[in-house]
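Two complexes come next, and they have one chain in common, chain A, joined by chain B in the first and chain C in the second.
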Partner chain A sequence: MLQFIVRRIAISSVVLLMGSALMFFATINSGDPLADLRESNAENRDQLIAARRANMNLDQPWWQRYLTWLVGASKCLVLSCDLGTTRNGANVNTMIVNAAGASLRLVTLSVILAIVIGIALGVLSAIRQYSGFDYSITFLAFLFFSLPVFWAAVLLKDFGAIRFNNWIADPALSTTAMAVVALVFALLVASVLGGDIRRQALTFLVTGAAVFGAVFAFDQVGWWRRPALGLPLILVGALLALAFFLTLTVGLSQRKIVVAGLVTVAAGLVAYFVTAPIMADPSGWLVILGLLAATVVVSGAIGWFFGGFERKLSMFVTIGTGVAFGFLVFMDRLLRNWGAFLEIKPRPISTIGSGIPQFDDTFWAEIFDWGVQLILPTMVLTLVSIAGYSRYTRASMLETINQDYIRTARSKGLSDRVVYSKHALRNALIPITTIVAFDFASLLGGAVITETIFGWKGLGAVFRDGLNTVDPAPVMGYYLVAGGAAVIMNMLADIAYAFLDPRIRR
Partner chain B sequence: MSDRPTPPGDDRPDQDLPRTPGSGREGLSPVPYQQDKAAPQDPDRMDDVTDRADGAGADGDATTYSVEKPLDLSQKSYSQGQLVRRRFLRHRGAMVSLAGLVVITVFAFSSIGYGWFPGWWEKEYWRGGLVLDQGRPTLELWPPALGEHPFGQDNAGKDYFALTMRGTQRSLIVAFTVGLLSTIIGTIIGAVAGFYRGWIEAILMRITDLFIVIPALVLAAVFGKMANGGIWPLAFLLSVIGWTGLARLVRGEVLSLREREFVAAAEAIGTGSGRIIFKHILPNTVGTIIVSATLAIAATILTESALSFLGWGVRAPDTSLGLLISTYQNSFQSRPWLFWWPGMIILAIALAVNFLGDGLRDAFDPRQNRTAD
Partner chain C sequence: MAVVAAGALVLAGCTSDPETTEDTTSAPAADETGDDTGEETGGDDGSATSDAAGGETGAEGDTAKADLGDVTPKDDVVTFSSGAEEYNAYNGVTADTNSTYNSVVNNQLFSGFWYWGTDGTIYPNEWFGSYEKTSDDPLTVEYTISDEAVWSDGTPVTANDYLLDWVSTNPESMGGAEALGFNPVGTTAQYVTEAPETEPGSKTFTVTYPEPYPDWELLISSALPSHVAAEQAGLEPDALAQAILDGDAETVATVAEFWNTGWLFPDYQISDESLVPSSGPYTLEGSTWESGQSLGLVPNESFFGPAPATANLTFRFVAPEAQVQALQNGDINVIEPQATVDTVTQLEGMSDTIGILKGDEMTWEHLDFNHGTGVFSNDEGGLAAREAFALCVPRQQIVQNLIQPINPEAEVLNLREKFNFMPDYQEVVDAAYDGRYDTADIEASKAKLEEAGLTAPVEVRIAYSAPNQRRTDQVAAIKSSCDEAGFNITDAADPKMFEPGGPLDTGDYEVALFAWAGSGQIASGAGIYQTDGPQNYGKYSNEEVDAAWDTLAASTDPAVHLEQTKIIEKLLWDDLFGIPVFAHPGVVGYDNTLENVRHNSTQTGVSWNAEQWVRAN
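Right after this comes the complex of A and B.
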């Protein structure tokens, strides 16, 4: 195993080195770095040209300039990077560090969302193969796959930002809009749950009525401007999470684990009131992380205590439920502060930028400040990569379902739930690790477009400005982050693959 | 010695031999209970050989006995190519996409013409004019009529239909050139790497690794800027990026094909490597290659328009769909049609090509037996 990892690292670094030479050579040959000065009418034109020549070492041959850059960049191995300066003398190190935060936040969030939603959709459409749901997901996947990112982004800017801002000023839903929302939800739930036609019709009617009622109630109480979950909704959500984790593991067959889950929910209820003063305005992310750690410890302990001979499974269920409860409480607090944020910023979603600079308010308002700006770009990036994930998961899941061991599991008399969640899902997910690595790298590339449209000062902007001015230093800085991330993610995927699938270990 | 198959006719009864097609007795080999699906499948009686109850057959009294599965020779049989073609032609999504793609291509090239070939649309894409009715589109769906400016006009009064068609032309040219070139490069490199193995493979595969490390769009951006706005250099440079995925796929297939008996046989009679690769191995990978080529075209349409949007692809005074969106993205509030047309055309082309690829994949994949649904 160790030998496998070492060989991967060696190969990857050689590839990264070759790639840097190619990028450097292509960048400096992509145009004339002096173009703007040659056309300028400034009195000291020759002087400026000479200064830039000296600044960018334009008189040296390309390999000498590359080696200079390489020596500086190779100091990254001992954690003292020197990525050079732009043509105006700005330090690329600080540029990259400042820009990386925004970009990585965007890409990481999109990758996580895309993985969760894409895999869920893929699995569901594989289980309900050739159903209406499957066909709609397939068609939507093709549509999103063929969607020009920049076009979708400009559309979202109009519908998601400008029209949403107009709407939130005086939010009211027409009956038609409510009916459409209810119809979509009802169709979705009915086709996913399946069953014979009478059961589907019943599911459709019940879901439609429930969603319509909920939206109507939200509209009546002015929820859109003063949203909150409230304790009842939190409890419902936590029980749903418990049901989800039970479905994934043992179902209702183990009384102990069900009891452990219910005790976790009860403990969460107590903790909700105990932590209320802290959650009103936490001083920072450390508090939230501390509370998260406490949740994991407490719910894990409950699982351990009640678990009996199934401790591991029990702890998995209780920790999952506990974290879900905590997340719901967090969202409840966050939503309660939406009204306050609207007071500060009446048109909440700006079309450009990643947040108000030097924004200083309560913890929650600050989250909203960068959070709402994250919504639209994340949606764009997520939509595009969901398509890939769902198609791939579907194919992989179908392949697994047709294996002999699944037939064996069925013929043993196991229920659909156990066959899908314990026998099929785990094996179907193995090949997906590889896709995650590729996707992360391509999303960093895609972020160049998204950041341009949404006016973010991220890595994509550094790259764009660098390329437009034929300046190798920022471009190479971007390459180092993107290529490094791609190499690391690929390696992690390979290692994860080798762990999950013993057949490929060599 | 005993595992050698017995030659037919040596010790087997005569009736086991397949009947001559056309003799009128082809469908006769009866299997017990086969005709009656509802008959109890009694394991003790499964091996019984009985008279056929219905006594079907040309002369009525023909009674033959067999325990083998019936071979229905009355149906026509198809070659591999015919099967693929049938499966493809029955794929409804692929057929609709193909029709759409053909319509778009024909419109793009015939309307404003290409090179010295004149088109039927008389307005030039670069010539401004009087803005009529704030440049609103005059296209009527029913009764169908194009009107003066079917897609509207931009703020300088240029005919937007001519502009969009010109952009579609450019995008299609780049996409199909890249699809063709990168497929050729990828096939050759993948085949050579898979067939010769050794250091050639190592080097070629490290090069494909290289293109995986660098985000494709970033490399395309740098190369697109090098192309300096011309569509032919752009197409050429994009092909240099696009071949790696196919090369890996082809290499994988060649690796397994080169171990097969027919390659060994070809080598044994002294066939040269080039002939083995091109005559014996590559025809077996044609499914992979064609599917990959279609997907490459779809990807290129999106890449090219994204590059043009960012200013590193096709540049003014020439135009392309991405450039049109980039130019008019701020007039979305006032003149939305300037934004909708090029975007919808990109989406339509990419969607059509992706569906075509899907149909081709289904057609070439023998494991798939679902056709139209």
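Right after this comes the complex of A and C.
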């Protein structure tokens, strides 16, 4: 295995190196770095041109300029990069660090969401192949996949920021709006759950009524400006999480594990009251992480204690349920601070930027400050990449479902749940790994339009500006990060592959 | 029922504690000023103001800054964006840093002897100091800095700063760029060859021009703090000034490196605030700078001029395509977007909270003939052919269809050296041009073409820098009109228009369509219209024009300037050097609760009076 990894690293480095030479050569030949000065009417034009020539080493042959860059960049190996300066003297190191930070914040959440939602939709539409749900997902996937990003972003800003901000100032929902929301939910749930017509109609009615009731209640109590989950909703959520993890593992067949899960929920209930003073205004993320660790330990212990001979599975279920409970409590606290945040920022969602400059308030308000700014760009990026994931997953899942071993499993009398979750899903996910790895790398450097429209100075902007001014230093800095990420992520995917499939290791 | 009951139970705990106050102030409905401020457009003075009453901003038609009286900075934030490029230099007069995105910020950090009014008039800042021309031969100007004028670190603003300002343009008398090593964008030392006469630390200095220079007023306004540069080079402030006066190039050169690089922010943060004192209404000391996002200036506590109206002026670095929505959402309060029909429509669609100002910019579009070669040169079609072309160009229609949708008050531009919104425009037009080319006259054009002895169709390539939609539209309009008269117009758009070897350089065109950005200078047009001038791309030559420019450039008397301008404009019309078409339209969008937002035609742009912007209560 080690040999395999070393070989991969060696090959990747050669690829990066050759790519960098090509990139450098292409960049400096992409235009005239003196174009703006040639058009200039400045009286000291010749002096300006001479200064820029000296600044950018324009008098040297391309390989010499490349080597200069390479020597600086190779210092990255000993962790003291020198990526040079732009043509007007800005330090590329700082530029890249800032930009990569912004890009990472922008991309990480959307990648995670796209993976989770995309795979879930793909699996569901494969299981319900040729149902209404499948057709709708297919339709939407193609719609989103072909969305022009700039147009979607502008629309989202109009509805998600400007109109939302107008609405949140005095929020009220019309009966029609509530009915539409209820209808959409009802259709969705009914088509996912499936069954015969009678069952679907029943699901539809029940869901529709429940959602309508909930939205109506939210509207009546002024939930939009002072929301919270409250203990009852947290409990319902935790029980749903328990049901989800049970479905993924053993179902209701193992009493012990069900009991373990319920005990975890009960423990969470106790913890909810115990930690309330800490959660009112935690001093920082360390506190939250500490609580998370405590949750994992306690719920793990419960699983271990009740697990009997299936300790591993039991611990998986209890830890999952415990973390879900904790997450809901966290969200409850966060929501409770929404009203306070609205006081500070009456129009909460900005169309640009990453938050109020130098914002300094409570822990929760600070989360809102950067959190709400992530919503719109994340939605754009997620919508675009969900489409791909759901299609790939659907195809891969369908292929797996039609394999002989699935038929064998079915004929053994295993339930649908076990067949899909234990035999089909894992095998279907193997090809997805590659796509996920590659997608993350390309999103990191490829969110140029999203960055521009939402006013983030990310890697895309650095690359574009560098290219526009025919300035190799920022372009190469971008290449180093984006190319490096692509190579590393692909390598990780390969290694993961090798673990999953021993045949590749040779 | 059970479902409803269970649902009610589940939702029972779902709201957080009530807010302390019911917050309604955020509603955008609070606009008593309403639509009447919304769509005001500039009158003949080229300015428009956001103050509906007009009372506070002084007399109607005033192009200077309003006198706001005694102002206490209001504890509030006003946000402006000039584009996505980030501020990166306190010294915005080096060759590398001279750009709009630096100057919009630096304008608030430095004050000087004068500023541009909305129509390009020069107004003195009386609280900063005064200047007076004391002699015409040789041209001598005496500057006096107010005793009150101090940098925010307490050091007085003195002649030392102006000595550094002068020497940083590498005067030849001290060995030029080679000996001194400054990297300036300014050219003061070309006109002022010897150091200003003064004493180190003095509040007055005298500048002498060996040759008459009509634009002397523009050369000197604000300066960088010389005491900071001197200290960084290990000199006493007065010692540096003395070295400049003594012509000691070696000592002065030690400052050059700091001057070139020490006042730049390559990391987009201010590492040492003591290096960047302010002499303007706002300061960087205590400012908040989030790289890639915004820069928030704070008031300069020791400012000696009128205090800023709002305590925090924040510049956001936002790409043009995101600005209009950001304005609508209140993320930015003032923008000056690309003036297109789309932008104007978009802004007008949200006019209940957003005000719009429309006006002319000091950039003007023109069609220039190639006098050197081709059908319009005197060797071929000559004046008659040029007249034929001028007669078929539908100038009125171009302005109506392309410019008036943006600025309804836009007019055809009939001069080259004056703009429609300038006070003496009409006087010069009366002397120079009789209105014969205002609208297209196809029949007259045909006759002229015959007179020129050219056989239709006459091939005419109109070259412009591609891509440019508005110019494509103009060429299409000209084609549909002029083709009737016997021309065959070709759209010769070229991305390499201005490059060496491009059409303008090689003379590979009949008509060039482009714009000049007016700098407000009086004598700068000489390079365009004089024989063999550096920007005389069309190889135009007329001895009378050359002589008139020489007379103009040799005088500092405004009356002479006006008289010679009339002569030049008349000759250029009679000869048909080219055809001016229109001044570019400008648009400003702003949060209509703000007062004192005013359009400015000069290159300073709308932020020229940003220190006066304030939210009405």
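Keep this in mind: the second predicted complex is superposed on the first by the 504 of 506 C-alpha atoms of A that agree within 3 Å, B and C clash if a C-alpha of one lies under 4 Å from a C-alpha of the other, contacts with A are read in each partner's own complex, and residues count from 1 in each chain.
In the analysis below, a contact is a pair of C-beta atoms (placed from the backbone, for glycine too) under 8 Å apart; a residue touches a chain by one contact, two chains touch by 3 or more.
These figures come from a predicted structure and were not determined experimentally.
J.: Should A:F145 be classified as contacting the first partner (chain B), the second (chain C), both, or neither?
T.: A:F145 contacts chain B only, not chain C.
J.: So, does A:S442 touch the first partner chain B, the second partner chain C, both, or neither?
T.: In the superposition, A:S442 touches chain B alone.
J.: Scan A:L22 for contacts with chain B and chain C and give back first, second, both or neither.
T.: first
J.: Looking at the overlay, what does A:S350 touch: chain B (first), chain C (second), both, or neither?
T.: second
J.: For A:A169, decide between first (touching chain B), second (touching chain C), both and neither.
T.: The answer is second: A:A169 touches chain C but not chain B.
J.: Of the partners chain B and chain C, which touch A:G118 in the superposed model: first, second, both, neither?
T.: After superposing on A, A:G118 lies clear of both chain B and chain C.
J.: When the two structures are overlaid on chain A, which partner does A:T452 contact: first (chain B), second (chain C), both, or neither?
T.: Both partners, chain B and chain C.
J.: Given the superposition on chain A, which partner contacts more residues in chain A: chain B or chain C?
T.: C
J.: If you stack the two complexes on chain A, which partner ends up touching A:P282: first (chain B), second (chain C), both, or neither?
T.: Neither partner.
J.: Check the residue A:P474 against both partner chains and state whether it touches chain B (first), chain C (second), both, or neither.
T.: Neither partner.
J.: Do any residues of chain A touch both chain B and chain C, and if so, which are they?
T.: Common interface on chain A, chain B vs chain C: 150, 154, 158, 162, 452.
J.: Of all residues in chain B, which touch chain A in the complex?
T.: On the chain B side, the touching residues are 206, 209-210, 212-219, 221-223, 225-226, 228, 298, 302, 305-306, 309-312, 322, 325-326, 329, 332-333, 339, 343, 346-347, 350-351, 353-355, 358, 373.
J.: Given the complex with chain C, which residues does chain A contribute to the contact?
T.: Against chain C, the touching part of chain A is residues 32, 35, 38-39, 41-44, 47-48, 51, 55, 85, 87-91, 94-95, 98-99, 102, 150, 154, 157-158, 161-162, 165-166, 169-170, 206, 209-210, 213-214, 217-218, 221-223, 225-233, 236, 335-340, 342-343, 346-347, 349-354, 357-358, 452-457, 461.
J.: In the complex of these two chains, what residues of chain C are touching chain A?
T.: On the chain C side, the touching residues are 3-4, 7-21, 23-28, 84, 86, 88, 95-97, 177, 183-185, 187, 190, 261, 264, 266-268, 288, 290-294, 296, 314, 316-319, 321-322, 325-326, 328-332, 498-500, 527, 535.
J.: Along chain A, where are the residues that touch chain B in the complex?
T.: Residue list for chain A touching chain B: 11-12, 14-16, 18-19, 22-23, 26-27, 29-31, 130, 142-143, 145-151, 154-155, 158, 162, 438, 441-442, 444-446, 448-449, 452, 463-464, 467-468, 475, 478-479, 482-483, 486-487, 490.
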